[in-house]
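Sending over a structure as structure tokens; questions will come in a sec.
Just so it is clear, A, B and C label the chains in written order, and each chain counts residues from 1 on its own.
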Amino acid sequence: PGAVNSPGAAASPSNENDDLVMATKDGVFSIAINRPTKLNALTLQMYRDITAAIERAGSDDSTRVCTVTANGDYYSSGNDLNNFAQIPPEGVQKMAEEGGEILRTFVDSFIKFPKPLVAIVNGPALGIMVTTLGLFDLVYASDKAVFHTPFAETAQTPEGCSSFLFPRIMGLSKANEVLLLSRKLTATEAMERNLVTAVFPHDRFREEADKHVQKLAASPPKATQASKRIIRNNMIPALLEVNRRECEVLVEQWMSDEFVQAMMKFFQRKK
Amino acid sequence: PGAVNSPGAAASPSNENDDLVMATKDGVFSIAINRPTKLNALTLQMYRDITAAIERAGSDDSTRVCTVTANGDYYSSGNDLNNFAQIPPEGVQKMAEEGGEILRTFVDSFIKFPKPLVAIVNGPALGIMVTTLGLFDLVYASDKAVFHTPFAETAQTPEGCSSFLFPRIMGLSKANEVLLLSRKLTATEAMERNLVTAVFPHDRFREEADKHVQKLAASPPKATQASKRIIRNNMIPALLEVNRRECEVLVEQWMSDEFVQAMMKFFQRKK
Amino acid sequence: PGAVNSPGAAASPSNENDDLVMATKDGVFSIAINRPTKLNALTLQMYRDITAAIERAGSDDSTRVCTVTANGDYYSSGNDLNNFAQIPPEGVQKMAEEGGEILRTFVDSFIKFPKPLVAIVNGPALGIMVTTLGLFDLVYASDKAVFHTPFAETAQTPEGCSSFLFPRIMGLSKANEVLLLSRKLTATEAMERNLVTAVFPHDRFREEADKHVQKLAASPPKATQASKRIIRNNMIPALLEVNRRECEVLVEQWMSDEFVQAMMKFFQRKK
């Protein structure tokens, strides 16, 4: 896809309009979301491009670790709600179903990724970019990061396997606070709830996270990948099914009156 | 059942002997245990009435959230041990089997409840009213609440799906401290162990809990109920089976010599 | 086996070369690792002897609780890497397969143990003696204990069902820090991550742990064992399969070049 640099390219974007910047170095394949003027919201094309990049990192023999981070103040404001603004001529159902399929494929690529997957959360994270954190093996956060899943406000439902993983990561009573009541978590709260591995002061958090990433990339690769496999593989069938079901529920929700009303309110507020 | 007010009635009891007080307001169906002179211990009739109330709240279209709380100092001292005091003419086995069936049906009603279920724990909680907390979606507690499951002291075994959910909520080594060693938890400890969502100072805890309940009741109902479904539904078959098994084990235990001895000790101490 | 005292013997070793010391008292069967000059590393014979002792404690009617602890400063430095130093005439594969079988049987004995199993961790713990802690019902630790699983450094992979239980005990992002990045945990950190039930100051930790063990041994045995059964039994088939799979992966790893290189580095450093 045009917007994606080939791995092996330098870390600088090959094109000023690139919404993703990718690079490989010392066995680390890094994906940086690079749409800071839109708070790193994800367009449909960005979902597709991240999916393709993750799949490539998985099959590329020289890649030992894959990281996801972002440029700018935000990690990501999540799904770009403008994705819902243009209804295609085929109607709302067509739009919802295509959106669901793009989402399902995106999340599947995280579920199936066979090597260590590390999130480096540089700032506020919203929606899908919070819910997918349960699919990362390690999550390092700046103390400027916050985590927010406003499903109730947008009449949406949990994705990214969060309906399954969040209760298992932080217990049901804390997961429901996040998923049903949109409780915003600070970086420290997210760490106390086991969603985040470790939090570092913003001015040295990339350096600290990189130390761990480099250690991982320098570890015996056969042992590391076998370790990830036995830790994760027994969950994969359940996670693929959860993802399928979450997307199905979300597609139905996207076609509901309450979702249309929530979106109208949102776009009116923005004007 | 006579002891239960119909929802829609005012919050005041229709009858001075009512052991439960129910009310509906703004989409919230609230059940208050109201037997403060007996520390809100549950009689067999109260199990049946709570089961019926929960089922009614689940099928009533105007109900969006169901809360369980209590009047008086205690949330509930759990099962009224006087339930074991009168052996029917048919003998101990008959009593144990009927008790097991009442318990199983009671717990099933929590497992299957399709809308947000919120516990508002105003004071000390014991036994079954602690173990069922894992089946609530959100648990708010006063800082005067304590949580105690004295199974070892009474020669009983875990119910309310706690044998399954407590290890998943707080980890095995902490769950066993509660379930095998009867460790009493303060409200803060219960929150640190993810059994409780949040703790508030006693003098404003109902107000704080109500804010969250009202937010939940005002959320888009289709999205909220779909969210609860995907979070909980994949556990329901396992929970129904766990509940069935827990009740079976408890019925057997109730017919054992060690249980009879524990009860005799208990009733002698009370005199 | 020669190196094992029969239960019922006094706590003092019957033989100066005994690597394990066993005793029974008031319903408590205690196993103490007793090879302090080697930091309580486990020889192949010790694996076999602990397995036999655990099985005996399980079937012995007078035993109500089984404890595992150690003499000396360490709880255990884990697998004695000298177990890999002498390659038998049949070759590396034979050695790896035998090692895998001894390990699988060892871990199975913990999985299947039908009574409360309590770890009393007196000092640093490494490898297999950390990973098996998830199979104990209660884990008490001295504040001098630390917990370390250096799989990456030794090109090995998780065992003791840690690949399955650690994510369920402490959440994926914290479990991976331990299992993939060899993060060393202090006693307090291990407690915060729910691997440890409680930590006590070193000078009185045995006394404190003993109080809980004695309470457990004095509890109604039928109720206590039935409680453990309903808490654990629904996991046993999954755990046996996880153990089988973990050993299979480890056997393969033991035959890999990267493992041989890691061992060579280790033995060179020791000289």
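Everything below uses one rule, namely that a contact is a pair of C-beta atoms (placed from the backbone, for glycine too) under 8 Å apart; a residue touches a chain by one contact, two chains touch by 3 or more.
Just so it is clear, the structure is predicted and the values come from calculations on it, not from any experiment.
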One copy, chain A, sits on the other, chain C, after a C-alpha rotation whose size in degrees, in steps of 5, is 120
Proportion of interface numbers common to chain A and chain B (over half same, under half different) = different
Round to the nearest whole Å and give the separation of the Cα centres of chain A and chain B.
-> 37
Multi-partner residues of chain A (at least 2 other chains) | 168, 170
Interface residues, chain A side, partner chain C - complex | 116, 133-134, 136-139, 165, 168-170, 193-198, 212, 215-216, 219-224, 226-231, 234
As the complex stands, chain C meets chain A at residues 151-152, 155-158, 163-164, 167-168, 170-177, 179-181, 238, 242, 245-246, 249, 252-253, 256, 258-259, 262
